[in-house]
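To start, the structure under review is shown below, and the notes come after it.
Chain naming follows the written order as A, B and C, and within any one chain the residues start at number 1.
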């Protein structure tokens, strides 16, 4: 007790300027993606309309995740709204750490949220986070290079075709790599990509008994195919390329094809940032004819941690930020291509938005992703590029580090898979599966 | 007597030293330079050196995204507060160690240093829970205390080494004249140790300014310093070298300038008693 | 001179610092120890009961434990060797008469002012990026294939970045020490026609002993816990997972506080082994 008072006193000395958190100020933790940063620019409108002030804590994805997870598990109560993804939402919701998003207003039209997104952001049928934008993954390719290579991209290509096309488009002298893919370690980076890709090869993370499956041939097939293709047609140093690195490469015209998040479509077709804006085509993520494609499903969503003092104001903000009106607000000043995509059905029914070149392919990709049945064989988990269990992030990050070491030529596929298998088994056992 | 050197050798020394100095400084120079380019120029191949049109656009964008002054102010308060508090706690301790040494003095000194070896990540949860209990999350006061504790061993050690250089006879003379302990410290010791204290303050200000684990993990809005400011620029979408450079320049500029102006004091401060 | 009275006053004056540090050491240490014997999974409901030494066994038997210890020692050792050797050379160079010494000194100490996060970001993106990085341009200029620094030469890269940050510190301490060297002694040796190397070994190096010890001690303390440089650049991939980083992964990425706490206890033990080792040397040197 004495220590407590002493510390308080010490605090008071330096706290002079810091008033206690204002009752009408929302503190929102968010990720530093373009759409989120754009939203910050519009918050004034929200404050004007409601009188609620908003403070942003903008962090890079990894730091954000670390920060909000610590806060929610310790019930720190630092934030009134957290930006989280499809992986965290069902787990946190199940633990009772999030405020259920029920009783939303009529105009908000919760039924308009794309079913795939609503499903991934719910637990037991209760919505716990509202999608700000949603994404799947698809192929973005250079129409001019494709033509030059004398090939034509089908709407739903196979991996074999992609590999051949990549080799044909590659021109090392002109610094053009046939294909750019994520190789960077981290479950949300290269880990997400290779997991989604492995689904189309029939691989899975766990069997129905939660036994890790890295010792199965499908995983070796996936990795061997990937490594062979990337060594043949990928950029130098692809083992450290993530979303952002590849985006830069593609915008600079150094990639023939890029398979990544559908939200990237608006960046690569934006003439302000992209040197190849006029020559981009889209296609569904490839498959191998086994019935599953290699596209993922993800949403960045806003959720309210349980225990916040400002539940009502927070709900009000979420309703505003993920509403149809917000989409129109952005469309008005920045054009339809720049609205946050992938969250609402009505957006894709809007004739204006249908004119945007990538809208149809984005919707088709999202619709073809099914988190409840992600791969060819049955699995006990939900999630396409992840398994929605608390242990996954930690395990998958280390597994993807082993894979990245393969991409960098530091070990063989067999060695990496053996390590991944051993490590995953170790962790799952520790977690009590 | 100064060493006599031929002009030729001096020229050679100068050339070599400047080459090395510029090489070491180059990453900072390049960052500052890039912050005035457009994103396209920032990644141009071959790299552009000085022949481009300087723009302040990146600074404008960064400022629009995050209120720089608020982060800066928090950094100043946290780094300054923890340093001042640390020096206040450390001066008596260092005095006692320097002028009334016992068998244990050195052990205590080394034990203090060893507390710095506790890996911060390992105790994040305990400290976080403690902070919640004490209501200190996202408060500058909490961070001031934590950073003070982190740097206290270094402060004590540095002050100890300065105080030891002060000849004990002067103190004894003062004592003969009837000076009380308080007077002795305030009027005799402290003035003599001012240069040492100044350099200690400087070094610890820098260390506190650059501390990036606790300042990031224990803050959100009210207390977030520049380390949190930079955490939102590490990998945004699209081309970002120029904006990253602008944000980086903004984050390091204040301390760089402070360091340059006070480098003489700082240099003295970095001896740690290495010189007898 | 030290009377009983002044002894007790001295003790009183040391009390605040000692008590504060004792608290700062004991409170987290006790809590870490407590957690380390628990199955504590925040995402699975928190405290799941006592598990004895399970966490300790699991942490060491993990396939990544020894590589992590090794990575830690390589980084600490590598940076120490580079900064001490380059620091001595640089200090000797800066000690020579020259024009613009003050400015050169400013240039050399500048990296010390840069936050670790910023320096890691700048090095990673603007220098070591295999496509747009400046080093890649340089390599291409000489007709070589650019290196993917952070994957192909991950350890070297991190040691390079950290050395860049700490070289100013080492240089400055060593420079102060060299400047205090009796120049007449050196000149006498010079007159005697003692070769440069001999002068270095017999006069300069012994004189620097104490300063080198200080550099090693202070830097080791900071280097054992480097985190931002790894977090930003490789995220622990490509063999750069240090003990500190491994604990971070257990606590924050895997959300296994019990296991991570056990790791924390190991890290403290390792730090103390290094510390005792160092203090043996330093203690001797500090007395001198």
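Keep in mind that, in the parts below, a residue touches a chain if its C-beta (ideal position, glycine included) is under 8 Å from a C-beta of that chain, and two chains touch if they have at least 3 such contacts.
Nothing here was measured: the structure is a model prediction, and the numbers come from that model.
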Chain pair with more C-beta contacts, B-C versus A-C: B-C
Most distant chain from subunit C, judged by the mean position of its C-alpha atoms: A
Centroid spacing, where centroids are CA-atom means, of subunit A and subunit C in whole angstrom: 35
Subunit B-subunit C separation of Cα centroids, rounded to whole Å: 16
Multi-chain contact sites of subunit B, meaning residues that touch two or more partners: 43, 124-125, 129, 231, 233-234, 240
Of all residues in subunit A, the ones touching two or more other chains: 66, 70, 74, 248
Multi-chain contact residues (two or more partners), subunit C: 42, 132, 252
Complex interface listing, subunit B residues touching subunit A: 39, 43, 64-66, 77, 81, 85, 124-125, 128-129, 131-142, 144-145, 216-217, 220-224, 228, 231-240
Touch list for subunit A against partner subunit C, complex: 3, 62, 66, 69-70, 73-74, 91, 95, 185-186, 235-237, 239-240, 245, 248-249, 254, 390-391, 393-395, 397-398, 400-401, 404-405, 407-410, 419, 422-423, 426-427, 430-431
Of subunit A, residues touching subunit B in the complex: 4, 7-8, 10-15, 18, 21, 27, 29, 32-34, 37, 40-41, 55-61, 63, 66-67, 70, 74-79, 242-244, 247-248, 251-252, 264, 267, 273
Of all residues in subunit B, those that touch subunit C in their complex: 1, 3, 5, 9-10, 13-14, 16-18, 20-22, 24-25, 27-28, 30-31, 34, 43, 45-47, 89-90, 92-93, 95-97, 99-102, 106, 108, 110, 112-127, 129-130, 149, 152-154, 156, 168, 172, 181, 206, 209-210, 212-213, 226-227, 230-231, 233-234, 240-241, 244-245, 248, 251-252, 255-256, 259-260, 263, 266-268, 270-276
Partner subunit A, residues of subunit C touching it in the complex: 23, 41-46, 58, 62-64, 129-132, 145-146, 148, 150-152, 231, 234-239, 241, 249-250, 252-256, 259
